[in-house]
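Multiple structures follow.
After this come two complexes, each holding chain A, first together with chain B and then together with chain C.
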Partner chain A sequence: MTGLREKVEGGKRAGGRIRIMLPLGTAGAWLRRAGVSGQILSLIIVIAIFAIGTRGRFLSPANLQVILSLAAIPTIIAVGVHQVVVLGGIDLSVEGVVALCVVFVGLLLRNKFNANDVGLWILPITLGLGGVAGFVSGICNTKLRIPSFIGTLGMSWILWGLAVFVSRGQTVALLDTRFQELVTGTVFGIPLIALIALALVVFLQIIQDRTRFGRYLYAIGGDEVLARQAGVNVTRIKIVVFTLAGFFYGLAALFLSTRLGSSQAITGNNLLFPAVTAVAVGGVALTGGIGGAKNAALGALIVTALNDGLILLNVNPYAQEAVNGVVLVAAVALTIDRRKLGFIK
Partner chain B sequence: MTTEKKEPMFELRGITKSYPGVVALDAVDFVVSPNEIIGLVGENGAGKSTLMKILIGLVQPDAGTLTLRGRSVTLKDPADAMRYGIGMVFQDGSLVPNLSIMENLFLCHEIGFRKFGFLSRRAMRETARGMLERVMVSEDQDTRIAEVTPAVRQMVEIARLLWLSRLYGQANPILILDEPTTVLTEGERDTLFAILQSIKKEASIILISHRLQEVVENSDRIVILKDGRNVTEMPASGAQITDIEQQMVGHAFTADRYLEDEQIVPDDEEKVLEVQGLAKRGAFEPISFFVRKGEIVSLVGLVGSGKEEVCRCVNGLAKADAGTVILGGKKLTPGSPSDAVASGQGHIPIDRRSEGLALGMTVAENVNLLVLARLRSGLLVSPARERNNATQWIEECRIKTPSAGTLCANLSGGNQQKTVIAKWLSSQVKLLVLDHPTRGVDVGAKDDIYRLVRKLARQGIGMLVMCDTLEEDLGLGNRMLVMKDGRLVGELDCPPKRKPSPKDVIGLIV
Partner chain C sequence: MRRILVTTAIVLLSLACVTSLFATGGQEQKGPTTLAISIRTLSNPYQNNYKVGAEAFGKSVGLPVDVLTTEANSQKGITDIKAEVAKTGGNVVFFIDPNEETDDVAIAKILDQAGVYFLTWWNKPADVKVWNFKHWVAHVSFDGIAAGYFTGTELFKSFRTPNKGKVFAIQGLLANTPAAERFQGLQKALAENTGVELVQWVAGDWDRTKAYNQTREMLIAHPDIDGVWCANDDMAMGAIQALKEAGLAGKVLVTGTDGIPELFDAIKAGTAAATVMNDAKYQTGLGLAMSLAAKQGKLDVAAQPQKYRQFEIPAVNVNKANVDQIVHDYLDSTPNYDFSNFFAKWSVAIP
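Showing the complex of A and B:
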């Protein structure tokens, strides 16, 4: 049986994913299998560098609190995006979906602009709105067979236009502060919003690991044709994934606008880049099939910690943006599964 | 082979299927008995794959009856066929690469493992262990399919089919294996057949293969198809390969299969390739040899003897640690395939689909790929010259294609291989490295390829070949180099009509 044990020839593996071996025994084995060892290592390195660079200020409880609360919303968005990436697609509709949801939060929650007050109903409404947007993206991708790159980019601009049109470009101040309290509150010193994000990540990770939906998600990401042959309802899974992503964007929109205490379409801007960076940094392969919710969350945490540290070090804000760009490209270079790519288009 | 008549498991009678312009199957009968291995052979286009597609419900026959376990059935699709216990291991494999062995085993049939809405890993692991033991897979169940050998993948697929038929309560499932051994090493091949013999106790197996030797050795009964019709069937014990080949092609072969009469005596002086002290650590020891103009040198040895690595170093796909490769008097840059090609070296790879051909391009585009500079008129490539060059080589190499504008993806394996050869022929190479040129090619196309190889030699092209069988190596070569454990252990002359016999060589190889 030695023949069967031989691993695939070295040549075929060259250029594959880079594996970081940690000498940690069973814990190391678990980390390798979970596929987050590299991310945890990166996080430790980032923390160590800034802890030294800021002479410990980076590790102060106040700053850690800031990092956790800042990381929460990018995490929620990244978790939405990453499942589409696992499928082998990409979702660029984040900014449009969030803009529209934010505008509706402003118009429906008690505000200074009109007499509406839906109260706590705003939660299902924004989730629903985001979900519908995601559902439409899913239909575009599966039924109209439009590549997700184009379909969701178009969706983003459509919804952004709609958001500005509906809000007439105005900023609406919110009067209902219940969500604001939720978003800014803490439990044992940990920001509540971070706990909510964590709960979502854990929930989704269990779904991915232990349900048929999760299994099929990865099967499609690995090889869509083979998954279809095995009997996976590819269309349904894809639509569900896009819709779920929409739910996450809707939730993020609600938290974003209530934290600000006001609603304006522009809140949606500059959300896509951190989310995509988080997904890539977290080790979700852009070729699909690899990486889970935990990866997206760790990615968001790394990116947030990095930016926070740069601010503490008083790095020029434009230089910070450049650093983010470098991080994105480097992360993709390290995680991409080149075996699957014959050539890069 | 038992002599008693077995009750048939699955009976296909008068199966007819026609596609626009072709009758793929013409009143074919096919019977599967319990606990037997059927070898199904025939040339490409003989109707084997259509018949198999009907067996697994991928294609519906125009006429004919299917009787399974005494009852008439129609198979709507592969999932339906699986419910009746009929499954197929495809040539390209049907496992998802990023999922683990265990996850692939149960993909889409996990429902039985659900506990409180979640999948119970422990139960899955238990079942998987049992299934994998039967096919002798010792890999960790959590290994991703992308990381295991083709042999293990095949075993996992077989295990999956066995498990599914058990899930559907079907005793004696029918497993169809399409060219299972093309991706296996010799040791793995033996393992596969050992496993198949043990599975046979509870299943019927249909084995499709171009390697008649293994069909004769491992099946109980051989069914031969030609041009969509049953030709004959025979018990495998005592069957003669030459006899089977004749039945497949429909005419007898000349004794001179490898066209030894056309073997030329190379000019002693002119060496196209000179390899001096080439060495690569862990792969082979320093080795020196040469190939003369118009000479065919076959390189033989077991897998692991280092012959593949030597060829990779010669054509620049791998970088040797020491030594030089001189092509037509010019020293090649080590590890540079583009330098090798520019200096006049051609390479016909084993995997023509991924390395030899651009499948999405037309036959003409592939043939002209390397000679575009010659086909220019002024600054631009002239369409007329392109067309002429392509047509000339299509005729010369007898590429069976509807037109020069047909996509290579739509050609049969043999014709794809001829297209690769035509490409090099047209580019006027000095040396060709042929890596298993007849692999996966049917008998008729093989003869065309032998003819082309002789023609290449007449044009003065030196060749380094590694063939599928020792007979082929001996038959084609002027000279044979034998490698063992990374060393050159022998050199034999193979003059026409006085070739050494395989028996003489095998002692050197092992």
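Showing the complex of A and C:
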């Protein structure tokens, strides 16, 4: 059990490869211990470059508000994905789950298409749909022993197909405004949706740091066989993690359709790659066992700030993808602690 | 062993359930000619209308319709076409909206070899000529430059000071023929309206969420913007939503292209200036009618002049003045299309 504890503690202390030499004192030491020193450094570099390039406009309160607002939904999705990655797996079902949940949000909330209006019940319904999808992915992975890469990819296609089938390819305009305040409102100038995302990150980070569930999560990600031998119920933990991820995707779907004021299956498109990018940039090792919710959130923030900065700098769209790629590689080089990785595939 | 059996049983059962859920009735290998359409997706209203148009045409001629979707995957699109040819024993004609223009040659070779007539829409490399393939009936497209020009000029008119101000453009996919043509149209409009400045353009990849994000960011870079030009309606709706949040909807207008119902509503509400409706129902009807006529020997493909093998037809321009009429004619009802003259709407040859 001592070996397991060491592995768990070792896994949780991600980062540390880049030593911040600035006179941060105890703050620097805390950042290193928390495993986010590289991520903070990346964020500072991104901010500094764009702040200089845009002559301060990047740091204007209005732009910071936009960045926080736009980073919220990718954060919620990335936080869902990262737990599966910490387990040593991958969740590719994001787009399918979001597509189906978005379609149901459109058809069940007050809309221009039918007479339905489930009101606030949409929250448990959407979370439930996402959760069930995640649960099934977990069952496929643990009971049917299908690798998460294939199982969740298949799940994504199934749910995407269902979403298109149910929606008949139509876009449903939402008339319900009850959730509008959540995605557009601010508290002391901070977007409410960003505060919700932050609360979820803090909640999950506490679970990862302070509970037995969190310790088991890292133990499985570090060495599943060892964790199983130590008595960890690997199957149960995995199913819970996939289900939790589904909850997060369901919530993101509700916010997405509310933000756009409409619902269509295609809303689920183009969400997976940014989420996985955020997870990688945040320093969550794709080999498992390293990184936490705070890493995923910081990754999402860095990616969003990068996209925002490229637009403010008016970088040629033909070159934006290339710039994105360079920054992605650089950010991962800064944030991943390769000493803790036994091998690089 | 038991696990393998259980897994196999579950997979087979799932397959049976899913198949029966989505099945639209099996087709005989021999018998009536199948009308097949290969399109990108069924998940947006414009593409979905391809299916509606194909089914309407199929009903009018009493033939079955098969719908294939590429889901933006070129390889899937090509494989599905091969499978459809095998399934029907070659007794099929196609309407194809290729995922990418580079798919055309592979598709043309497969169908030419199988002796299957087909018509493509939108995407085709300029150096690939339809007349080099015996069974490629025609390549048709809407005039993308005209669409971009119309929406651009309508947008400029909506400025606080008409034809004077700043515009921001959201392109579609960068390596996409219609996206490039529409953007050329915008640039033509800009060249004629020297009082209008294109302050910035970005690639929105046809994605509503991306367009929403980009518009919010653009409003930081250019808070004094006068209009947002978008290469399609979905992105235009994303831009409108971002403008709403900034309290600028109705003051800063948006344009799109495609003609989705939401954008018609936006024109009526005064948050959008114009769109161009590509009549997807007519597209599939014309494509299938021409391919079927070729198969039945009623259209001699080889004898057609080149201008009838590669050509454009005009789309429907929509603005505040005619939006109600367009909704009445095309959404509330389906026009009675006349496919007896395939070239009735011919506007210009594609070189």
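Just so it is clear, the second predicted complex is superposed on the first by the 297 of 345 C-alpha atoms of A that agree within 3 Å, B and C clash if a C-alpha of one lies under 4 Å from a C-alpha of the other, contacts with A are read in each partner's own complex, and residues count from 1 in each chain.
Keep this in mind: a residue touches a chain if its C-beta (ideal position, glycine included) is under 8 Å from a C-beta of that chain, and two chains touch if they have at least 3 such contacts.
Just so it is clear, the model here is predicted, and its values are computed rather than measured.
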Partner chain in contact with A:170 - chain B first, chain C second, else both or neither: second
Partner chain(s) touched by A:206 [first = chain B, second = chain C, both, neither]: first
First (chain B), second (chain C), both or neither touched by A:258: neither
Contacts of A:289 with chain B and chain C, given as first, second, both or neither: first
Partner chain(s) touched by A:39 [first = chain B, second = chain C, both, neither]: neither
Which of chain B and chain C A:144 touches, first, second, both or neither: second
First (chain B), second (chain C), both or neither touched by A:152: neither
Comparison of chain B and chain C by chain A residues contacted: C
Footprint overlap on chain A, comparing chain B with chain C: none
Complex contacts: residues of chain A adjacent to chain B: 1-8, 33, 206, 210-212, 215-216, 218-219, 221-223, 226-227, 229-232, 289-290, 339
Chain A-facing residues of chain C, complex: 3, 7, 10, 18, 21-22, 41-45, 47-48, 51, 171, 174, 200-203, 205, 207-210, 212-214, 216-218, 220-221, 234, 237-238, 241, 244-245, 260-262, 265
Residues of chain B touching chain A in the complex: 78-79, 94-99, 103, 107-111, 114, 117-119, 121, 136-139, 142, 146-149, 151-152, 155, 184-185, 187-188, 191
Touching residues (chain side chain A, partner chain C) in the complex: 54, 57, 60, 62-63, 66, 69-70, 99, 144-145, 158, 161, 163-165, 167-171, 173, 184, 256, 259-262, 264-267, 269-270, 307-308, 311-312, 314, 317-318, 320
